[in-house]
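Next come two complexes, and both contain subunit A; in the first it sits with subunit B, in the second with subunit C.
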Partner chain A sequence: MSVPFIQVENLRFSYLEDDRKKSEESLVLKDISVQIEKGEYVAILGHNGSGKSTFARLLTLILEPTGGKITVDGIEVTDPQLSDEELQKLRHKIGMVFQNPDNQMVTTIVEEDVAFGPENLGLDPAEIRRRVDEALAAVRMEEFSRREASRLSGGQKQRVAIAGVIAMMPECIIFDESTAMLDPQGRKDVLRIMDMLHRERGITILHITHDMNEAARADRILILSDGRIAGDGTPEEIFSRREELNRIGLDVPQCAGLMLELKKRGYPIRGKITTPEDCVDSLKASLYLNGGGTVHG
Partner chain B sequence: MNSIAFGQYYQASSGIHRMDPRTKIIAMLLFIVATFLCKNILSFALLILFTVVLSLLSRVPMRLILKSIRGVVFIIILAALVNLFLTSTEGATMIWRIGEWNGREYGITQEGILRAVCMVIRILCLISGTSILLTFTTTPIEMTDGLSQLLSPLMKIKIPVDLFAMMMSIALRFIPTLIEDTRRIMNAQKARGTDFSSGGLIKKAKALIPILIPLFVSSFKRGEELATAMECRCYHGGAGRTRMNKLHWKVSDTMGLLLFALLIGAVIVLNLTLRGVTPAIA
Partner chain C sequence: MAELSLNRVSYLYNPKTESEVRALTDVTLSFPERKITGIIGHTGSGKSTLVELLNGLLRPTSGEVTLDGENVDGDWKKKYEKLLRYDREHGQKTNRHSLKKRAKIAAAEMRRTICFRVGLVMQYPEYQLFDETVEKDIGFGPGKMGLSDEDIRERVLESIRIVGLDESILAKSPFDLSGGQKRRVAIAGVLAMHPEVLVLDEPAAGLDPQGRMDIFDCIRRYRDELNATVVLVSHSMEDMASFCDHVVVMNRGQVAMQGTREEIFSRPDELVRMNLDVPQITRLMMMLREAGLQVPYGIYTVEDAIRAVSTLFDATGQAGGDADE
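So, the complex of A and B:
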C-alpha cells in the first residue's frame, strides 16, 4: 500500500502554552486522523471556531501540535528533530493562500511580490523570471506585472497572492478562507483558478471554507466541528446527511436542499445534486422521465 | 491617497530615470561635494549650468522643482541674511555702515552681498540637484535596492544590510495600507461622534488617541499575518536568497558618473587657476 501524501494521526492542539492547563476543553483540535492523497481536491468545512484554520496552520507547521503525528510525503514533520532544511522543504511542498490579500504581500510591485517565494528558494534569476511570468499568466494578471499591488482590487490582489504560491511550484496549496473577503467576481475568479490548478496541474487543493456552495466544488468534503472530524465523503454523501449537518450549524446548498426535499416527497431524482448546474441536469432528466419530453429548455 | 507612498516621484521616461539607482546615489554625493567646493563666481556659474542641464535632462517640470524649493525658503532667507550682515567687514568695501559694537564694525559690504548670493545659489542647486537625482526620478523601491547593494560589502563585517533592505521595502509596501487603515478608523470614530477639527492643539492631539490605538492594534495584527505568510513562502532570513531583478550597471552609468567627477574636477581647477583673480567666496 502506498503512503498517502498527507497523513494525520491523532492530531491534538491547544493554544495554551502551559501543559498542565491543557484540559480537554482547551483543545482546539481533538484527535484528528485523516489521510489526503496526492492530487485530491478537498474542502475542509466548518463554522467559526471549528478549528479548520488551526488545522491548516498545523499542516505547514506554523503552529506546533500538542500531540499526534503529521507525515507529509513520507517525512514525519512533527518530529521534534526536524531540521530547518526539511521544514523549508515542507513549506516548499505545501503552499498557503490566506484570507486577507493585503497581509500576505511583501513588496510594492506585483511581479516582485510573486518573485518573493522563488527568491527565498535561492533560484537562478532567469529561472525566477520564467516562473514569475508563468505564474502571472496562469492567474491572468500578466498585464499588471509592473503595477503597484496596493492599487489592485481585492480579487486581483488575491490572484497575485496565488501567483506567488504557484511560482514556488508546490505540490499542494491550502486556501485558508481565501475567498471570504472578496466580492462575487473576485470569488469566482479565485474558485476558477483553484479548479484549474487541480485539473491541469494535478496540484492537491485543500480549500478551507465555511461556504457550502464553494465546498460543493471539491471531490471530497471534510467537516470539522468542535475540533473533531464530523464528516468525510464526497459532496453527495455529505449533502444526503442533511439533519446531521443542521445539528452542527451547517446546511446544504439551496439547490441541493431543493433536490433532497423533492426526493423525500417521492420524486425520482437521480444524478448529481452538488452544484446548481448538476441540479438543473438532474431535474431535467427526471422531468423528461415523468412527462415524456413535454418540458422545454 | 496612494500617491503619498511614492513621495515626489515623477513618472517620465528620461535618461536620468533609467539610470541605475546606485549611480544616482553616488552621483548625488559627488554633486553635494561639488556644491561645497565652489569658491568663485565662475564655478558657481558652472554649478548653475550643470543643475539646469540636469533638470532639462530629467524632464521633470520646472514647476515641481520650484515647489520642492518652497519648503526651504525660510532656510535660504536665513542663510542669506546671516551672510549679508555677519561677513567680516575687515578690509571689505563698505556699502552701508550700520555701526560699531565691541570694537567691530557692522554693515553691508560688497563681499557680504556676494557671499549671500552665492550661498543662496548653493542651497538652491543643492536642493534641486539632489531632488532631481533622487526623489523625482527614483522610486523608493529602486532607492532601497540601490542603497542595499551599495552597502552590501558591509555584510562582510556582519551588518545585516539585506534584513534592513527587507524591512525598508515592507515599510514602503505598507504605507498605502496604513493610510487606508487610518482613514477607515477616522471615519469609524467620526461616526461615533469624535470631533477631530475643533478645539485647541491639546484637544486635537487628544482626539488622535482613539485613532492611534486601533491603528497600532491593526498594524500588529497585519504584521503577524505577514510574518506567517512570509514563513509559508520559505522566508528564512537573507541567507541563500537570490534576487530576480539584479541591478545592471550600464555604460551610460559609468558615463554619468564620469560627468559628475568632471564637474568636481572643473570646480577644483577653476578654484586653483582663478585664485586671486576673482573674489574668493568661502
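So, the complex of A and C:
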C-alpha cells in the first residue's frame, strides 16, 4: 500500500511559546487531520484568521507543530530523531510562493534571484545554469533574465518568485494567496503556470486563496475555519453546501449561486455547476431536454 | 457638495525627454455628486495617474482638473487668467496688481486645503500607518487641518464608528491589528478630514470576502452621512457591478466608456474586446446567448440572472416552484 504524500494527524498549533499558556483559545490550529496524495491540485479556502497560512508554514516546516504529526513521503517530520540533513531534504520537497511579490526578491537581477536557492544546495555551476534557464522558460520570463527585479510588474515578480521555487525542483508547491495582490493579467499568468506545473510536471499544488473562482480550478477544496477542517471535497460538492459556506464568511461563485437558486425554486437543474462552461452545458441539457421552445438556431 | 471635473486633461511623464510616456490623452470627465463612480481599466491604462491628478499630487501637462470650478493644482496663473477674463466679460476696470495678489492667495488656499477636500486612500494604505496609537494615527490629518483637540477627538470617534470598529481599539498600536482592521484604520484617517470627494485606489484588494464587504459598507456609510462624492478604482468588475452607480472604463490613457453601470454592463462584448473581465454572471449570460438561448443584455447581478433563466424555463412549460415573477 502506498503512503500518502502528505499525511497530517491531529495537528495543533499555537504561536505562544510558553507551554502553560497554550490553552484551547490560543490554538490557531485545533485539530487537523488530512491526507494529500502526490499530484493532487488542492485549494485551501478560509477567511482571514482561519489558520490557512499557519497550516502552510507548518507543511513547509517553517513552524513546528505544538501537537500532532506531519508525515511527508513516509517520513515523520515531527520525529525528534530526524537528523538536520534529513529535515533539509524534506524541506526541499515542498516549496512556497508568498502573497506579496515585493517580499520575495533577494537579489537585484532576475536570474541571480532564481539561482539563489540552487546555489545554496551547493550544485555545480553548469547545473545551476541549466536549472535557472529551465525555470525562467517555464514561467516565460527568459527574456527578463538580466533585468532588474525591482523594475518588474507585480505579476512578473511573482513569476520570478515561482521560477525560484521551480529551480529547487520541489514535488509540491504551496501558493499562499500568491494571486491576491496582482492585477487580472498577473493573476491569469500565475494561475496558468499553476495549471501547467500540475498537469505537465505532476507537481502537487496547494493553493491557498479566498477567491472562489480560483478555488473552482482545483480538483479538491479544503475549507479551514477556526483552526479546523470544515469541508473537504470536490468543488461540486463544496459549492452545493452554500449555507455552510455563508456561515463562515465565504460564498460560492456567481454562476454556482445562480444554479443553486434555480434548483431551490424547483427548476430541473442537472449536471455540474462549478464553472460558467459547466453551467452552460447543464442549462442547455435541461432546456433542450424539455421542449426547448426558447431555443433557436 | 463638490463638483470634481477633468477638462481635456493630458498627462506626460518626463515630457520632452527620451523617456517621455503619455499616460493620459484628452480626458474629459466629471464625477456625479454624491454618487459612487468606479474607474476600471488595465494596468497601464492611466487609472493611477488619473487618481493622482484629482487632488493635485500631479499637475496636468495640459487641461485642467477643477473642484467647484476652481483649479485643484493651485496654479495662481490659471486663477489670475480666470479673474482677468471675469473682469473683461463684466466690463470692469482691472487692477492687475491686486488681481495677481488675489489669485496668489486663492491658489495658496487651494494648495493648503485640496488634500483635505479630496481625500485619497492609496493602495494598501495600511503600509502608511505610523503613529503609536490608532487614535493618534487617525487624528494626524485633522491635526494638520488646524482643528482643536476637542474637534480632533470628535472626528476620530466619528471615523472609527463609520469604519465599524470599536472605540476600544483607539488606544492600541496600529501594528497590533489584523490586516482588515489596519486597512479600516487607514481609511478612517482619511475620513476624519471630512473630504468632500473620497478617492480610493483598490480599497478592498487582498482582503477576504467578509473584509471586502466591511470596506464597501464603510464607504457607503461615509457617502450617506456626509453627502460625499466617491471615486473608486478597482480591477474587480464584480465589485463595480455590485457597488458603483457610475462606471468609467479607461483604455490606453483615454476614456473608452462611461455611464451608469446598467449602460456599461449592457455592452459586455466591448469590455471583453478591451480584454477586461466582466462579472462571471455576465460572462455566463454571453455564453448562453452564443449557445442560442434568448437571454437579455445588461445582466450583471445573480438576481437578474435568476429572473432571466427562470423565464426560459417557464417558456418551456417546466415547473418553476415559487419563481418570483
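Quick note on the criterion: the second predicted complex is superposed on the first by the 291 of 297 C-alpha atoms of A that agree within 3 Å, B and C clash if a C-alpha of one lies under 4 Å from a C-alpha of the other, contacts with A are read in each partner's own complex, and residues count from 1 in each chain.
The criterion applied here is as follows: a residue touches a chain if its C-beta (ideal position, glycine included) is under 8 Å from a C-beta of that chain, and two chains touch if they have at least 3 such contacts.
Treat the numbers as computed from the prediction; the structure is a model and nothing was measured.
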item: Touching partner for A:Met96 - first (subunit B), second (subunit C), both, neither; value: first
item: Which of subunit B and subunit C A:Ser153 touches, first, second, both or neither; value: second
item: Partner chain in contact with A:Leu123 - subunit B first, subunit C second, else both or neither; value: first
item: Which superposed partner A:Met181 touches (first subunit B, second subunit C, both, neither); value: second
item: First, second, both or neither for A:Met168, with subunit B first and subunit C second; value: first
item: Touching partner for A:Glu237 - first (subunit B), second (subunit C), both, neither; value: neither
item: Interfacial residue positions of subunit A with respect to subunit B in the complex; value: 57, 60, 62, 84, 88, 91-92, 95-96, 98, 100, 102-109, 111-112, 115-125, 128-129, 132, 148-151, 164-165, 168
item: Contact footprint of subunit C on subunit A as seen in their complex; value: 47-49, 99, 153, 177, 180-181, 183-186, 210, 213, 249-251, 253-255, 257-258, 261-262, 264-268, 276-277, 279-280, 283-284, 286-287, 290-297
item: Subunit B - residues contacting subunit A, complex; value: 2, 5, 141, 169-170, 172-173, 176-177, 221-222, 225-226, 228-236, 240-246
item: Sites on subunit C touched by subunit A in the complex; value: 42-43, 178-180, 205-211, 235, 238, 276-277, 279-281, 283-284, 287-288, 291-294, 302, 305-306, 309-310, 312-313, 315-323
